[in-house]
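By letter and in written order, the chains are A, B, C, D, E and F; residue numbering begins at 1 in each of them.
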Amino acid sequence: MREEYKIIELQPERLVDTAMRLKRDLYRLVQICAVRIESGYELTYSFAKEYEFLNYRLVINEDVVVTSISGVFETAFLYENEMKDLFGVNIDLINLDYKGNLYRIEKPTPYKE
Amino acid sequence: MLEVILRGLVFIIAAPFVGGLLSGIDRKITARMQGRRGPSIFQSFYDVRKLLSKQVLIVNSLQHMLVWGFLIFVVFTGVLFFAGEDILLVIFSLTTAVMFMVMASYSVNSPFSAMGSQRELIQMMSYEPMLLISAVGFYMATGTFNIKGIMQANIPAIVYLPGVFAGFLYILTVKLGKSPFDLSNSHHAHQEMVKGITTEMSGSVFALIEIAHWYENVFLLGIVGLFIVSNQWWSWIIAGIVILITFFLEILIDNTSARVKWDVMLKTVWAITLVVGGINIFILDIIR
Amino acid sequence: MATLMRFTKTVMKNLFSKPVTTAYPAGPAKVQERTRGQVSIDIDKCVYCTLCAMRCPANAIKVDRNNKIWEIDRFGCIQCANCVNVCAKNALSMDQHYTSPAAKSVIVTYGAPKQESEKEQAENKSEK
Amino acid sequence: MSFIAFLICFPFIVAALLFLTKNDTIRRVIVILSAIAITAVALIFSISGIVNNACLEYLEDTHTIDQIMIIGELAILLLIIITSLKYKKYFVILLAITQTSLIIWFEEFGYKSHEKIVHIFSDRFTNIMCLVIAVVGCMICVYALGYMKDYHKHHKEYVDRRPMFFTLLFVFLGAMFGLVFSNNLIWMYFFWEITSVCSYLLIGYTKTNIAINNSFKALWMNLLGGLGFAIAIVYLGFNHDIVSLQQLVASHGTLIAVSLLAFAGLTKSAQMPFSGWLLGAMVAPTPTSALLHSATMVNAGVYLLLRLSPLMEGNLAGIMVSLIGGFTFFATSMIAISQSDAKKVLAYSTISNLGLITACAGGGNAETTWAGILLLIFHAVSKSLLFQSVGAVENETGSRDIEDMHGLIVRYPHLAYIMLIGICGMFLAPFGMLISKWAALKAFIDTGNMILVLLIAFGSATTMFYWTKWLAKLISVSHRSKIHPDRTESTEWFSLISHAVLVVVLCLVFPFVSMGLVEPLVTEMFELDIPVIISKGNMIIMIIMLCMIIILPVAVRILTSKTRYKKEISYMGGINTGDDRGFVDSFGDHKDMYLSNWYMNDYFGEHKIFNISLWLSSGIIIILMVLTIGGAF
Amino acid sequence: MGNRSIVPFGPQHPVLPEPIHLDLVVEDEKVVEAIPSIGFIHRGLEHIVKKKDFNDYVYVAERVCGICSFMHGMSYCEAVERVMDVDIPERAKYLRTIWCEMSRIHSHMLWLGLLADAFGFESLFYQCWRMREKILDMFEMSTGGRVIFSVNKVGGVLRDMDHEMLSNFIKQFDDMEKDIIELTNVFLEDYTVNTRLRDVGILTKEQGLELGVVGPMMRASGIAFDTRKLKYAAYEWIDVEPVVATEGDCYARTYVRIKEIFQAFDIIRQAVKQIPDGEIAIKAKGMPNGEAFVRVEQPRGEAIYYVKGNGTKFLDRFRVRTPTFANIPSLLETTKGAQLADVPILILTIDPCISCTER
Amino acid sequence: MAKLKKSPWIIHYDGSSCNGCDIEVLACLTPLYDVERFGVINTGNPKHADILLITGGINAQNKKVVEQIYQQMPEPKVVVAVGICAYNGGIFKECYNILGGVDKVIPVDIYVPGCAARPESIIDGVVQAVDLLEMKQDYFEKNGISYNKAMKNKNESNKENES
């Protein structure tokens, strides 16, 4: 027996709206995760409310600019900076933008290749 | 005059040994209280010997001068005390010494050192009234500020000054830098100040501070003794015992409390000063 | 309910009982039966299959199939025992004692050329 | 007599001259020459007075002078009325009219023993005061020459009214001399009013809104004190037929009058409910502050109190004065902790120190008075030095915030050393404060005034805190700070250096000052042999301490000449960037490290303590005044 | 800048066993602003799934952090097992549960010690760590390692604990429990300790949800959530109720962790009672293909494992969102208005494990 | 002589370890292993320290930090690299952000092996380090130049000679 959870596809434009709705419904941000795929990235935004676990999936091209949800969920800034720095995902309007210096690594965006 | 000089010399020579040994014993007892074997009781001497032999890193040369000032004034304080001079003068000299220390650690322009020196100042501000009140108490109990005179009293000062004594023990914890009041420079455990006022001191400069603390501790325990001694010879034995008990008590307190924050320190120390010390001297004034 | 010096009892108990400190290094180190110290090899059982080298997550083992040399960088081994688990010949095992600290790495070679006994070869790391 | 006349009149003449002088160079010449003249005369007069132990009294026909004074008082009244109308401060007019008419009425109708009294006199105390006023006051005038030039260079927004400014400085000096030499209370009152008005005009110098408001604050508070003074004069004249200070001191049992005069003294020395005006005085150019805080204004207050101190032993007036003094000492030293503006710290420290002097005066016995007088001397010199050095630093760096004095010792070493000496002179053992604290403590224990003992114990701790942190700030050395070119004017330097030398010398010769000057004076005042306050042995120890501090730098250099140093940047968790002034911040950029002193606004902030203290001290005053007056009937 | 100091806090700092850095802006000692910076330990270990056989990657995964290394190894295995759809033997599940809870005890004891160290209570620190050594001995007895155990594998566990060993452990726990009660009461009742913990760094329930804090941090703010209520290892057969406190301050967080120590003892007792006999591992056939999320409750709270395989022995992506990562932003909130002396305590009450945060 | 032997003070820095080694370093201080019986104090301040205990490998960000801490220690000083990570990056050596062992940035005197090095090993390492300290102290006192610097100079001149 294992925990059940959902993975829901989402358009990038709908992201902030969805985040706002979830916040209103008292969900918390659990994690954001990026995976490098051929055409670009697969981003998973996970939210939870009590034991319910929702994953919103964005499949985007490399050049798509994703709006930050750090204005909605403050904690998102860490995840977003990480994706930006390690994967090279274009994320806009992060409230605490480390500008590539979250992890000061020598090789930029090592997960991108 | 000769006697005064002699006493001073004895203090200058003997105090580091006593102080160093006390600090070694302190560390040993502390270790045993924590269930471990602990260092040798001569450890403090080993430490200082090592520090003296190491390279000295300084941030600026002013620092070194001020540290010397600290040491010299601490020794001077002790000499004045054991030579039996005026107790107010002793306190003022001590204050001057600490001021040198504060300036030494502030002069280096390092964040933790500077923070430490501000805390040291707060500590000083909190214990200073009680120190003065102790002196006042001695004067009221024995009619003199002169330490030699105080020691010649017919009745030991503690009889008149139980409250002041308690208050003094309280600030002794601050002065010895023991938990819960080891704010500016903690000997044990770690703290947010790194090494506080001594952060930027290394090698022999740091050794000077250790030595100064030995002197200071001997002097402080001397004040504890001053509460007990009278013109009876056996009072000296009791004073010795009380000093040892005090010393042990301080170690025990050190090992059974957390470091408090400065505001708690300031408030409690002042409150104790006011309540215990203040009431004591008020009553003394009335019954006199 | 806050009390001052709540810890006194424990502290006093400690003061008057024997410290728990080990005697080490004067006495022996404490080990358990399953303690994973360092990898040891029964070189006679080894068939130089290189499986252990391939599966070593830290790349501490080198096996030269042709010259029949089995070599381990003691300072590179993370004591995961993966090699022990994967070796089909059960040639490997974990000792309870561990490698001593040193200024240079200890690289131990077993097997050929000819001499079966172990030959310790302390290499300067900078030369490595 | 001619000396005294010179000291009182000459400054007024110089003032008149300066009022007409628009030329910088001429003004410079006049100021310097007259400063030299005044200082010289004061020195000759006072020192010969002290050496010969002369107590001079002058009885003379004073009718014309009295007439002049009445005219003068009316003139002052007119001035107040005109300016107050201009700025719509009607309350002040009321105060001024009340007291002036009271005095004039009294002079015309109630002045019975007119001819019999001594109008002018001088004894040791006046000599000491005269020295302080002349030496410190004149140097401030000289300092002001350079300072005001720079000041108007930096502050183009203010109208340059320097002739007016220097006029006022000299009027002030003249009034101060008059005040201390007067024996006739009405004369004293007249000079008292002049100082009030002068300070009012000086504070309003820049004519900004805040300056005007503060100047009126100073005016009404001082007028309130003046009112007390006036009532006391009238009361004394009618009930006891006393019109001179000597008579007053000789008579006992005029509690109400003493209280009223003490009240006037408290306002003038800016004690607690009336501290506001001195704080407000800060808006004026620095020489004003230096003058008000050290040699003149506030000293007039404590001078009066110390004069009265034999009358305050153990009575309600004494309790009021010592309580207010002690309380002010403690409360304002706490507030000083929370201040970072150097002038404000100095202002609070002045109030606090004067509090200690006041407490000493209120103690009403020989020992405390001895301490009070000594403290007055030390304070005047050190405080003047400090104000001037702060002013000089402000002209150099454009800021008088203590935070901006970080590492001053590297940037402006000379100014920093001067300031160090000033601060040490203020509080560090074995300097001034220490001795007074010592004597005061002892005396208050002996008289059983435990509340004051506690106030002093706590107050000395807080005093130590704010001074030390300032001291530490000055000597904080960071790498690569450079020496800056020092453009302080020569006249300023002259004054600064003389002050610094004076501070050090005073400390060194303090036993002689005490034995040769203050002890006989106190003996005279109290008509008894005062006990040994600080034994010779202890004085020697203090001198040794002082020498240790002076020798230390040299000694350490020799002691450590063999040590091998390595200079190393300070510790910042491993992320300094190159030198010890910055570090790598969370975003990977360089960030300047910055260290600030502690101010503890949440505990010692002005807003926390000031108002409470106002209420408390007003309460103390009102209750004790009511008790005094009630007790008299 | 007024009367504010700007001070670098860390990365090297005696109260921080691990490097983390804060740009502190303080007024006297009151923190006005604190911006955290991480990355001093960043290694990039998620990346080497592309270089290591997924079976051997367990050894990397358990070195995500040396404190709850067991949990990391286990969670990684659970995630891979889920992708490969293998169901491991029940005995293995129970063994994992027991080790998990032992890890929790050791981790919380360690934390209590470090907390004591941070507020300058050295003897208390020593006492905690002395107690913790007993757990480490048990670990070494059962796995052969003191901090890194290497007993997990995809498909089960590598070492068994026989009945004798388990009952011995239970007996030792019974003894320890008394001592721990005595010890933890100092945290809860001592006056000086209380001045340091009470009303420091308050995080309300709302803030907690907004900042997405997890674990004891979350439960101390009154949010009853514990991933152990979900089904992983053997937890579906075990009674466990989240320990909750409502104050949201450092005291509450200490309280929650202390109670969790006793809860862990209880869980181990349950597990030992219920543990069935049988195999401890099965052979996992094939290669992982597909993706899976696994959530587990580590000592510091909920951790998320994500594994994506592509049918080869090298995974496409492995990701771990550790509890500290979720808790760090709360520092921004809790440090504001606190004192400098509180900063180490505030950093510690999130029980940071920077190693796993930065991977 | 033997001025240092009885009072080696340490500073511990966590390079990029997994914590395993760090907690074992800390465990050395606690009652069971109690290194203070050898006079060891964990100072946490480079300016007071004689021995730098460093765990974990070097990465791009902590490189400078490690260098600076080392530089801020007074002579004589010894570096003890604890754990496999500190030796060569350990299990993380293939990670993109691991530059290698501690010797990439500062000279290491003693390596303590083990992934999680055992407390006993760390004690052994410290004991060896103390002997080295003595040696370096003598060298420093005789030649007025730190041993490490002398060695570095020698190596460099050797290299120059070779080329």
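To be clear about the criterion, contacts are C-beta pairs under 8 Å (C-beta built on N, C-alpha and C of every residue); 3 or more make two chains touch, one makes a residue touch a chain.
Only a predicted model underlies this, so the values are computations on that prediction, with no experimental measurement involved.
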Inset, instruction - Determine the set of chains touching subunit B that also touch subunit F. - result: C, D, E
Inset, instruction - Find the chain most remote from subunit C, comparing centres computed as mean CA coordinates. - result: D
Inset, instruction - Report the chain whose mean Cα position is at the greatest distance from that of subunit B. - result: A
Inset, instruction - Round to the nearest whole Å and give the separation of the Cα centres of subunit D and subunit F. - result: 60
Inset, instruction - Determine the centre-to-centre distance between subunit A and subunit F, using the mean Cα coordinates as centres, and give it in whole Å. - result: 40
Inset, instruction - Report the inter-chain centroid distance for subunit D and subunit E in whole angstrom, where each centroid is the mean of the CA atoms. - result: 64
Inset, instruction - Averaging only over C-alpha atoms, locate the centres of subunit B and subunit D and give their separation in whole Å. - result: 36
Inset, instruction - Mark out which residues of subunit D touch at least two other chains, giving numbers and ranges. - result: 564, 566, 568-569, 571-575, 584, 586-588, 593, 595, 597-598
Inset, instruction - Give the residues of subunit C that touch two or more other chains, as numbers and ranges in rising order. - result: 4-7, 11, 14, 19-21, 30, 57, 78-80
Inset, instruction - Send over the residues of subunit A in touch with two or more other chains. - result: 98, 101, 103-105, 110
Inset, instruction - So, with touch as defined above, which chain pairs make the list? - result: A-D, A-E, A-F, B-C, B-D, B-E, B-F, C-E, C-F, D-E, D-F, E-F
Legend entry - In the complex with subunit F, residue positions of subunit E that touch it: 11-15, 17-19, 39-45, 47-48, 51-52, 59-60, 63-67, 69, 110, 113, 125-127, 129-130, 133, 136, 145-148, 353, 355-356
Inset, instruction - Spell out the residues on subunit E that touch subunit B in their complex, using ranges where they run on. - result: 5, 7-9, 13-15, 28-29, 116-127, 130, 190-193, 195-196, 339-344
Legend entry - Complex interface listing, subunit A residues touching subunit F: 103-107, 110
Legend entry - Of all residues in subunit C, those that touch subunit F in their complex: 19-22, 24-25, 29-30, 57-59, 74-80, 98-106, 125-126
Inset, instruction - Quick one: which bits of subunit F touch subunit A in the complex? Just the residue numbers, please. - result: 59-61, 96-97
